[in-house]
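What follows is a group of structures, each given as structure tokens.
Paired with chain B in one complex and with chain C in the other, chain A is shared by the two complexes that follow.
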Partner chain A sequence: MTLMSLFQYDFMRRAFIVAIALGIVVPCIGVIVVLKRLSMIGDALAHTSLAGVAGGLLVNINPVLGAGITCIGAAFTIEWIRKKLPQYAEMSTAIVLSAGVGLAGVLSGFIQNATSFNAFLFGSIVAISNAELIAVVAIALLVLILFFLMYQELFYIALDERSATLSGVPINTVNFIFTLLTAVTVAIAARTVGALIVSSMMVLPVACSLQIAKSYRQTVWFSVLFGLSFTLIGLTISFYAALRPGGAIVLTGVCCLLLVFNLKKMVCR
Partner chain B sequence: MTILEIKDVCFAYDRLEILHQANLRIEEGDFVLLQGPNGAGKSTLLKLILGELAPLKGHISVFNTDVKIFKNWNQISYVPQRGYDHLAHFPATVSEIVATGSYSRSGRFRFQSKKKEQRIGHALEAVEMQPYARRLIGELSGGQRQRVLLAQALISNPKLLILDEPVTGIDATNTATFYRLLQRLNKEEGLTVLMVTHDILGAVDLANKHFCIEEGNLLQLTPEVLEKERLHRHVHTPGACHDLDELISI
Partner chain C sequence: MKIKSLIVLTLCMAMLCLAGCSMKAPEKVSTDDSPLKVIASFYPMADFADKIGGDNIAVQCLVSLGMEAHDWEPTTADIALLEEADLFIINGAGMEPWATDLLQTLSNKNLVVVNTSEGLDLLENDESHDGHDHGDQDPHVWLNPLYAKQQMSMIMEALKELDATNSKTYQDNYEKWANKCEELDQNYRETLSPLNHKDILVSHQAFGYLCNAYGLNQIAIEGLSPEGEPNPARMAEIIDFMNKHQTKVIFYEENTSSKVAEAIARDTGAKTMVLNPLESLSQEQLDAGEDYFSIMTANLKGLQEALSD
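And then the complex of A and B:
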């Protein structure tokens, strides 16, 4: 099999387009999430999305729509708890994660077709329909545009919310939009790479980038570069080695992070 | 011109009274020091001034406008306590951080224009940090980081600079440099300064007005009290305020 044989298949072409879209968008969201010390937010939202998937399958609505709705609800709940308990901000993600897992566990017990539900646990990037492909690309583009439009504001809020407020940054509006973007991104990523590993895709590229970046701008660009590399390399490996794509993408990220750690150590010596 | 006026302000958290009929007036060009024991209400007073909290009674005006309806926040800059500890691991350059301070002035324009670059350069020059412009903030010492935050505050050309315990945890040399910079900004450029500090002895010569908060009272320290404290070489101690006849409750 040559490398180009990958693209003989329609499903692989679709998978690569989705991988590129997510590889760019998820790390952009990840940078702000990590800098706001909310790394686990992706995990909490992804797990909560499972409750939406289960609910969607039960009442016969599109599970991705169900995931999206619960993700948005969960994201705003996290933000609300974070404001109520600013000294224990990280607790908000744990509360929502527990609630999401609990609800998903209860609802999944009533689902007849467990295969559909399992597809969301580890994702099914190679089983994406044309309609889903268009939706993912459109949402990814929208997220990317809004991210760069709010580049300055997001940076300032991540740096210091109080000073940002005093400088006139409309923090409530920016936080509202960002929460919405995070929820939507997690919902589409959960469908494709899997709810259990979506947070790794959010955090691993940023973790690698933070080891080498020499500015905030570089942190964003390197994160995107790493995210893109992980998804493309992981997807290629999964095709040739017949592995689950979501797992292969995340493991590529983990290997890369270990490599970057070691290289940095060697250079610092 | 009156920059800040606090008139008969009362504030309480639930039933715990923090401020009782506090009065304070800051004129243009003043350098005001505010001291008091931990938990006395210094940070609460700053929050009231910055409009983050509303007084239960009384009135606060900044630049002759009620703080509740005040909009020109670009005239006020704020330097937080201890150079944000989290900056030690924040992946941003000194320039990027200083640039955020110009948000209130430049609005939402995204890209570094030449003019903005120049303003960053001037702000860094004012705090003697220009050689560090491209360095990561985490690579700097606590004192240097605090000077970067001062540059961030200065880039918007504020008329009032508010500092919340800016030298806590910073060594003597860097504290002296920081005070020298503040003094120059106040004397030479007419910047009005309100600084909350525990280092009353180190900073006493910078200011022309000295206040302390104790048990809900905002009191002005007279030169005589300050001289006594200087002679005894100790920082103003809690409980001392009421016993001193020289203190005047304004």
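And then the complex of A and C:
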């Protein structure tokens, strides 16, 4: 197989568009999420959205819409718990995660036709429908625009909410918009490419970036750079080595993180 | 003293229990008018039994409607059904891996078990496909109409032995449906043999006997089940194959729409169509009067469309 055969297939071209969109956008959200000590939020929301899929199938509304609604609900619940327990912010994701999985388990028990549930449970970056492609690109553009409009505000909030309030940042509004963006991104991306890619893309590029970046601006740029290279390299490897793309992308990220750790050690010596 | 009386008491109770158990299996009274209780493991067995037995038997199917027959496991309610039953019809050839263990635990000594694939020429299982492993043999024998006829004949023999008074009815029913099987076989032969293309792409490698009988060749798309993530190299391989052989249709099972099948279809301009392996029917299909023959005829239409120029 030559290099060109990679782009010869429609499904691979779609996969690369989605990989570029998510590789840029998810790490942007990831930077703020990590600084807010909510690294597990991607996982928590993705699992909670399963309850939305099950609920949607039960009451006969579009399961993806159901997933979106529960995701938004779960994201605001996480925010609410986080404010109640500010010292233990990460606990809020664990609580919502278990509540979501529990609810999904109970609700899926009522679904007669198990195969239709399975069809909505899993997504894959190499099997993207037209509607999914449009949804992913649209949400990516929306997130990018809002992220750069609120660039400074988000930075203040992520570091220290109290001093952000003092410097006149409308933290409730910014938090509200950011929570909404996170929820919608996870809901769509998890259905499209699978929860694994979403939750790992929130954390792994940021972890690499934090090793080498010297400022907030650098952290954001390096995160996007790392995120983009993980998805693109992982997808390419999965094509040539006949691997499952989700796992290949995540493992690329993990290998890169290990590499960055070691390089940093060598340079510091 | 107390301990001794306790021991005596325990012994007495144990004896009572034993007596109770042995009394639970009385000699069967064969003169009653109630229909024979027949349990079938999954849909085609139930359909065949129903066709041969008619009103003289009451058929119940263990794998309930719309369930995936391969992943099925018996519940306690199913075991209770078998304890009461007269005849248990299975497909065999590895389709019911749970049956062996289950039958050993039953205390129903009068239960007759028919393995309907006994004596058939079984195919080797090429590969364990899509996660579920059938063992060494391909169990999907009923998809060859002539094998289905043999299975009906096994069921007829069993019914005749259990209920000799109605043996004429069973024989007549069998002959009627055996003719239908031959007709169906004839239809398949006449429709499929003139067609140029011989390769079919299926999501579930269930059509070995059908392909064998009519000179077709099934190519199974691994990882097309909606549960797992496919690998892109395999998808590219399938797309190349389809383009080379001008395959126009991807067949998938009823109830299992797959994003991967649709992605491949988009790439090749192929259609996705249903080829039903008849492992279980939905309530709607039963209500609409569908049965083995109507589904097999629908399958033939799909095959004809897929394989003609």
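Quick note on the criterion: the second predicted complex is superposed on the first by the 247 of 269 C-alpha atoms of A that agree within 3 Å, B and C clash if a C-alpha of one lies under 4 Å from a C-alpha of the other, contacts with A are read in each partner's own complex, and residues count from 1 in each chain.
Please note the rule applied: a residue touches a chain if its C-beta (ideal position, glycine included) is under 8 Å from a C-beta of that chain, and two chains touch if they have at least 3 such contacts.
Remember, it's a predicted structure, so these values are computed and weren't measured experimentally.
Look at A:G246: by the touch rule set out above, it reaches chain C but stays clear of chain B. After overlaying the two complexes on the shared chain, residue contacts for A:Y151 are found with chain B alone; chain C is out of touch. With both structures placed on the common chain, the touch criterion links A:K84 to neither chain B nor chain C. With both structures placed on the common chain, the touch criterion links A:R269 to neither chain B nor chain C. Of the two partners, chain B and chain C, it is C that touches more residues of chain A.
Only residues 35, 37, 148, 151-153, 155-156, 159-160, 162-164, 166-169, 209-210, 213-219 of chain A touch chain B when the two sit together in their complex. Within the complex, the chain C residues that touch chain A are 66-68, 226-236, 239, 255-260, 262-264, 266-267, 282.
On the chain B side of its complex with chain A, the touching residues are 50, 73-74, 76-78, 80, 84, 86-87, 90-93, 96-97, 100-101, 103-104, 108, 110, 134, 136, 152, 156.
Residues 1, 5, 9-12, 14-15, 112-116, 118-119, 121-124, 126-129, 194, 235, 238-247 of chain A are the ones that touch chain C when the two sit in their complex.
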